[in-house]
């Protein structure tokens, strides 16, 4: 069987890539997508660890993480729409300038 | 006879891991948001394959159903609605806060990797719930359902409140009123 | 045998078939390109406005409500699977769950978020 | 894996055989429907329809029309519109083809058969999650439509694709909800177990949960973008919808995806509501002993399922030429304001009745 550490390593890589995207992209939608990537890395750890120690709580956690992620995407994108309507852009640089 | 199935699961894992890493990079660096979204679908699908290889059938199914089939559709819709054009990657502009955060996160990742690799690798089989035992108890989905509705009642009910809040919030934020409020 | 082996086969078959159909179009058939032919179709008149127009926010609201109801459906499936063993207790739990979500649904309807005019 | 090498070989070979037969069968659906979609309406409207294309002197009621159309489609010139997103334009047909083929794998086409002492199920994929697998894969079908419309750089295609995808996701919820009572009643997500539970006529899903059937039927028509819900290609308004700019074999790919998914949904409806491979009034599996030839029962069961599916395919055509198209606001109202509440009420009512009967 594949050691559980391999899954953790994969999750680390995905998480860091997601973090990179969340920090270095200008587009809010890209930032949200990167956050989805990070959440998926967490899910992977939950599933692999749950499988490794032999209970199903990890999988139930994933169910809740997915619920939270869907709600986050819904509300986050609603905010993107509202911002776009108000300022005509979804670029984080410009939105930062507007902060004052 | 060499352990064929172990070899196979290693091969499957490494193939999937390589593909996932590649596609994740593409998600993050693609210039056009639509391309990123499509790569994200592929990425989520591949992760579902990883879950399936871990015998987490239910999680694999909802991963495809909710993430790939719903959340990314929403992303695509918004990108198309706003008609976003390709944007530039944040070039070489130096931003100290972000640079420091990234360096710290990479160091943190290396530490995590070091810690997890320092110990003796634990096989997944160690103490894991036997797949046959789960099958005998009624299958993965059934076990999750029973656990969710007995041990996890409060999170379950709270999830409904969370969804309710998300529905209300999304409608309030995104919906334009027909008549703007006159102040 | 791993139940996902056939899934993989079907996936590969579907992708290869789709890819082949997509690629064949370029290989077979004549190629006589002309500027008129490759214009985007606009009922024969020159293109008036570009295809990149902003769309109604309704589509977006539909998609977001879809996600949230999709999750609700998944929870209901889990309950349905465990229904015979949970008895009245499970029914009660799901009733509470549903009442909360129906409140959200009624809000959406009352607010007119699903009015297509 | 718990299997010896021999057992593994048998399982693997049988999977490959089943898969090949199924794939070949599914590829026959569009050509057959090509003809059926012309002959049946012609019959309904007292026309003759295409009946002249034949091989040499044999016209065979125009059977060769399907072949002629296919050949014509293959040798058309491909025209890629100017300003199209090239990669996605070529990728979209792939996205629309593979979900339908994947779902088809999960449907049980007959009772289990015994080959060399091993039980071979007559569905290619049998998963613990059953229905959820089908919903998961079918929710991926939206991408083909969305990407095709967006990549074409054509406003009709974009409008058509947005309409079609909004419609598909809206009706996915009633589709999912309509099957929850079925899971409650039969206590399983596994399609094969559901079929096996429908032993007699009166245990068919349509009699135990008629409202589910109604919801499923409507959602099924909407999911495949067929009349009366073919808003995505309302030809008076939107030319041809999301595949306006597609021609040649790329159009054939969309055509294939549409008809295969229609067929698969027909099979699913027959499986869940009409007893699948069961034949009313006698057990198909007893046929093996009765005739003394193994596999006869499976064959009869397969035929039974195909006939039920053919009925639904015919229904698709019948409805197309009978009922006018909905308006888009009516379509969305029907989905969100009538079918979802009805689905929820159906679930609650079924649960209460079952709880009252089972738990006392």
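The chains carry the letters A, B, C and D, assigned in the order they are written, with residues numbered from 1 in each.
Keep this in mind: a contact is a pair of C-beta atoms (placed from the backbone, for glycine too) under 8 Å apart; a residue touches a chain by one contact, two chains touch by 3 or more.
In this text the structure is predicted, and so the values were computed from the model without any measurement.
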- Message: Measuring from CA centroids, which chain ends up nearest the centre of the complete protein set?
- Response: C
- Query: So which one's got more C-beta contacts, A-C or A-B?
  - Reply: A-B
- Between chain A and chain C, the Cα-mean centres are separated in Å by 21
- Query: Centre to centre, by mean C-alpha position, how many angstrom separate chain A and chain B?
  - Reply: 7
- Message: Nearest whole angstrom, what separates the Cα centre of chain B from the Cα centre of chain D?
- Response: 29
- Roughly how many whole angstrom separate the Cα centroids of chain A and chain D? 34
- Note on the structure: Each of the following residues of chain B touches two or more other chains, namely 58, 62, 65-66, 69-71, 73-74, 77-78, 80-82, 140-141, 144, 148, 159, 163, 166-167, 170, 174, 176
- Item | Residue numbers of chain D (touch at least two other chains) | 1, 91, 127, 132, 158, 162, 169, 189
- Mind pulling the residue numbers of chain C that touch at least two other chains? 53, 55, 57, 59-60, 63-68, 70-71, 74, 81, 98, 105
- Query: In graph terms, with chains as vertices and touches as edges, which category applies: line, ring, star, complete, or other?
  - Reply: other
- Message: With touch defined as at the top, which chains are paired up in contact here?
- Response: A-B, A-C, B-C, B-D, C-D
- Hey, which residues of chain C end up touching chain B in the complex? 4, 52-55, 57, 59-61, 63-68, 70-72, 74-75, 78-79, 81-82, 85-86, 90, 93, 96-98, 100-101, 103-105, 107-108, 111, 113
- Message: Going by the contact rule set out above, which residues of chain C touch chain D in the complex?
- Response: 1-3, 5-7, 9-11, 13-15, 17-19, 21-26, 28-33, 35, 37-43, 49-51, 53, 55, 58-59, 62-63, 65-66, 69-70, 73-74, 76-77, 80-81, 83-84, 87-88, 91, 94-95, 98, 102, 105, 109, 114-117
- Contact footprint of chain C on chain A as seen in their complex: 63, 66-67, 70-71, 73-74, 77-78, 81
- Query: Mind pulling up the chain B residues that touch chain A in the complex?
  - Reply: 6, 9-10, 13, 17, 20-21, 24-25, 27-28, 33, 36-37, 40, 43-44, 47, 50-51, 54-56, 58-59, 62-63, 66-67, 70-71, 74-75, 78-79, 81-82, 84, 87-90, 98, 101-102, 105-106, 109, 112-113, 116-117, 121-129, 140, 143-144, 147-148, 152, 155, 159, 162-163, 165-167, 169-170, 173-174, 176
- Note: in the complex, chain D contacts chain C through residues 1, 3, 8, 11-12, 15-16, 19, 23, 74-83, 90-91, 93-102, 104-105, 124-127, 131-132, 152-158, 162, 166, 169-170, 172-173, 176-177, 180, 183-184, 187-189, 239, 244-245, 247-250, 252-253, 256, 328-329, 332-333, 336-337, 340-341, 344, 347-348, 351-352, 354-355, 358-359
